[in-house]
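Before I ask anything, here is the structure I am working with.
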Amino acid sequence: MSFFKAENLAINFGGVKAVDGVNFEINKGECFTIIGPNGAGKTTIFNLISRIYDSTEGKMTFDGQDITKVPPHAIASLGIARTFQNIELFEHASVLQNLLVGRHCHSKTNIFSELAFTPSMRRTEIAHREKVEEVIDFLDLQHYRESLIMNLPYGVRKVVELGRALCTEPKLILLDEPSSGLNVEETQDMSFWIDDIKKDLGITVLMVEHDMGLVSEVSDQVLVLNYGRMLAFGSPQDVQNDPEVIKAYLGE
Amino acid sequence: MSIGCIYALVALGFVLIYKATEVVNFAQGELMMLGAFLAYTFISILGWNYWAGAAAAIFCMFFIGNFVDRIFLRPVLGQPQFSIVMVTIGFGYMARSGAGMIPGWGTETYAISTPFSSEGMNLVPESVGSLVISQTDLSVIIATVILCAVLYAFFTHTRLGIAMQASSQNQLAAYYMGIPVKAVFSMIWGISAAVAAAAGILLAPTTLIDTSMGFIGLKAFPAAVLGGFGSIPGAVVGGLIIGIIETLAGFYLPPGFKNVAAYVVLLVVLVVRPQGLFGQKTGKRV
Amino acid sequence: MRFLFKTDYDQDIRIAKHSGYYWSYGLLLLIVIAAPYFLEGYYIGQMTQLYIIAMAGVGLMLLAGYTGLVSLGHAAFFGIGAYTEAVLTSNGVPLPFVEEPVIFPFVISMPLAAIFAALAGVAIGVPVLRLTGIYLAIATFAFALVIEEILSRWESVTNGYTGLLVESLYIGDTELTDGAPFYFLCLGLLVLVILMSINLLRSPTGRAMMAIRDSEVSAQSMGVNLARVKTTAFALSAGITGLAGALFAHKLGFLSPESFTVFQSLELLVLVVVGGIGSLHGAIFGAIFVLALPQGLAILKDYLPTAIAETPGMEPFIFGLILVLVIIFEPYGIYGRWLKIKHYFQMFPVYKKATFKRQKAYMKSERLK
């Protein structure tokens, strides 16, 4: 029984087949990477999994449960968290608040106890904060704890977004181009963190990435997409030597 | 029908600004009011010919629109849309009360004498039937048609029109492509103000001029939304539909419904089909 | 400059960030509690009105400032609250099994007014869940116009333009809706509303609201149920504004639809913007501004030449001008300026102007297909 499985996944945007009959399986505890030229449909697959888009066809199962029709806000509590290609943080809030929003799927308070801030409310709030501090320690964000996102440099925002996803305590984390816009050093850090997420926290990673260095360092399996279709699949080395893949990237 | 045309013209002004700058101008009605007052000044106070006065008013409003953009909107360029909308609301307040303070304008109600009679005339041969319409209304309809055609051609066929569309989609990219975004924005405000002035002048014989005539601008929202914000033909069709709905509501429904019919339609449209009749469905990309 | 060392999670949750807060807000509270004993009746009335408007401002701030849903129709909720209160406490409601129309005591009628307004908030909030930004503003605007028309046409209940008289309330022999007792009632409710808002903002729902304001997609991916949080925000905001409306009914003593027009909606929005969007302080500062402006102008008129002073329309003109100036020069309103001044003294003498410098911004369309 695979951990995450996509069967014959497809979506059309006004006649354009952005994703067309894609099948893949992710095993628990591995790092699965999707690569492909721009416009290949990588981010669209992420949006399908996080249910921002409805798939035209196909089925997705996660942890033994069919998630093809689950509402988008329920995805997080099932254990799937994600980051975004162009960073979607809450700009006018502090790092701490951003991370706390990541805890939202675990909070079961009702509006009245919130308005009164009852003692039990206070206790759960403190429990959330303990969890958030763990993530802050893990990603070395102590220094930026109280800063507003809009005042932070791009590289730090990327890390905060990763942290926010981790705060949901996911079983599967979707990373959309974790290294885009980062310099060499930051990319290296990112690669260590992804490795730690996989090995120490035991979270399965699904990632879209362009930087082949990072991909070969951390990935166990690689899926290559082109024009919404599957082009190749295998270990990073296999894929890099695949003549079809080279053709797709470099042309004839 | 003619009231629908006025809505259409004011909605057109909204749409022009929205299309090019993504700002919803809450002071569009006030621009119209200013235009009407200018025309009143030229024609009735200074005693010019109707056509010369109207042309002069439209011309002046072009510069006033330009000016408004430079003074009020340029400093907030690139700020959140909401702040910009608030600026236009603030300008609306200022224009409304400012016009009341200008000597000769004041808070009273005025009329412009026009060359059009309000008598009805039959448009089709008597053998076919009768379609009676007053000259005033006819002038409104014809002017609307001409203005729409010109604007539509301008947006789709001239370099400047296309530049305007480009700058609305991505200001930074438009800068890089060598489009003088700020100048383009001022230009569009000028054009929009000129259209508003035309609407004001055409409206003048029907409703008379006073400082609160700008409220008709609020009626143009339903028109613009119905047509799909950002669509020029949509604004015209929306304006006409709203005009017709209002007239029908006035006839067939109890009093009070006439005032709100347009807004009820607006709410229904927003709930059922937010992109309007001609708009495009949009969503943010991630 | 004060540095905060945090050793406990409670420190992040606590309302007061450090002991200075107890002193400054405690002093403020003392002053407003003592106010009726040394101020004249007129000023007490003004202060009472300030609290009412500030409460409505807090209501709108929760929606516009924290959830990012701009409402151009809050006067409708204000009006619904006011009329509900007036009908319940003055005319009474005919109920089954009771011969006379039932007149409600204010402890029941005021919550009912708030609940009615909240229901109206849900009624408009739910259908427009999909809308954001300007479309939402226009929808609420249309809603407010419709409500305004209903208030003026539903004559059997609202008495239309003839107006509705609001009876004064009494506890024993003391009149509750005038002078010092009413002052304390409004103050107490305002403090209660503010405390509840602060509580909300440090809880998951409050954070979810801010998340929605900044990025709906990612809020959703973090497990925020957009529909539910937005509806909650609408209901709360409308409810608080409705409660303020109920108090306002007693303040006015006489209701007519003209008190709840689009202009009141705009004025509330201006209050929020000028006060400082996105902060509860802003609502208070904004209310002070909205109330003090006409007063200030009245005083100013004495010093101006009669030709200018007598011009009608001076007040809305200045109102519009200040609104424009605030947005251009101080996007975070009076509260933003307050923070800067505070910061200046804290950092003295090394204050850098650049601390609050805005980045040059370019608008990018969100209309991408």
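A few comments on the model shown:
Residue numbering begins at 1 within each chain, and the chains themselves are lettered A, B and C in the order written.
Convention: a residue touches a chain if its C-beta (ideal position, glycine included) is under 8 Å from a C-beta of that chain, and two chains touch if they have at least 3 such contacts.
Small disclaimer: the values here were computed from a predicted structure and weren't measured.
No other pair of chains shares as many C-beta contacts as B-C.
The chain occupying the central position, as judged from C-alpha centroids, is C.
Remark: chain A and chain B have CA centroids separated by 47 Å (rounded to whole angstrom).
Distance from the chain A centre to the chain C centre is 39 Å, each centre being the mean of its Cα atoms. Separation between the centroids of chain B and chain C, computed from CA atoms only, is 32 Å.
Residue positions of chain C with contacts to 2 or more other chains are 217-218. Residue positions of chain B touching 2 or more other chains: 286. In chain A, the residues that touch at least two other chains are 52, 84, 88. On chain C, the positions that touch chain B within their shared complex are 70, 127-128, 130-131, 133-135, 137-139, 141-143, 145-146, 149, 152-153, 216-218, 262, 266, 269-270, 273, 311-317, 319-324, 327-328, 331, 360-369. Within the complex formed with chain C, the residues of chain A that make contact are 50, 52, 71-77, 81-82, 84, 88-93, 96-97, 100-105, 107, 109, 111, 114-117, 121-122, 125-126, 129-130, 164, 168.
Here chain C touches chain A in the complex through residues 9-10, 12-13, 196, 199-200, 202-208, 210-211, 213-215, 217-226, 232, 236, 278, going by the rule given at the top. Across the complex, chain C is touched by residues 22, 24, 72, 75-79, 81-83, 85-87, 89-98, 100-101, 107, 168-172, 175, 211, 218, 221-222, 225, 229-230, 255-256, 259-260, 263-264, 266-267, 270-271, 274, 280-286 of chain B.
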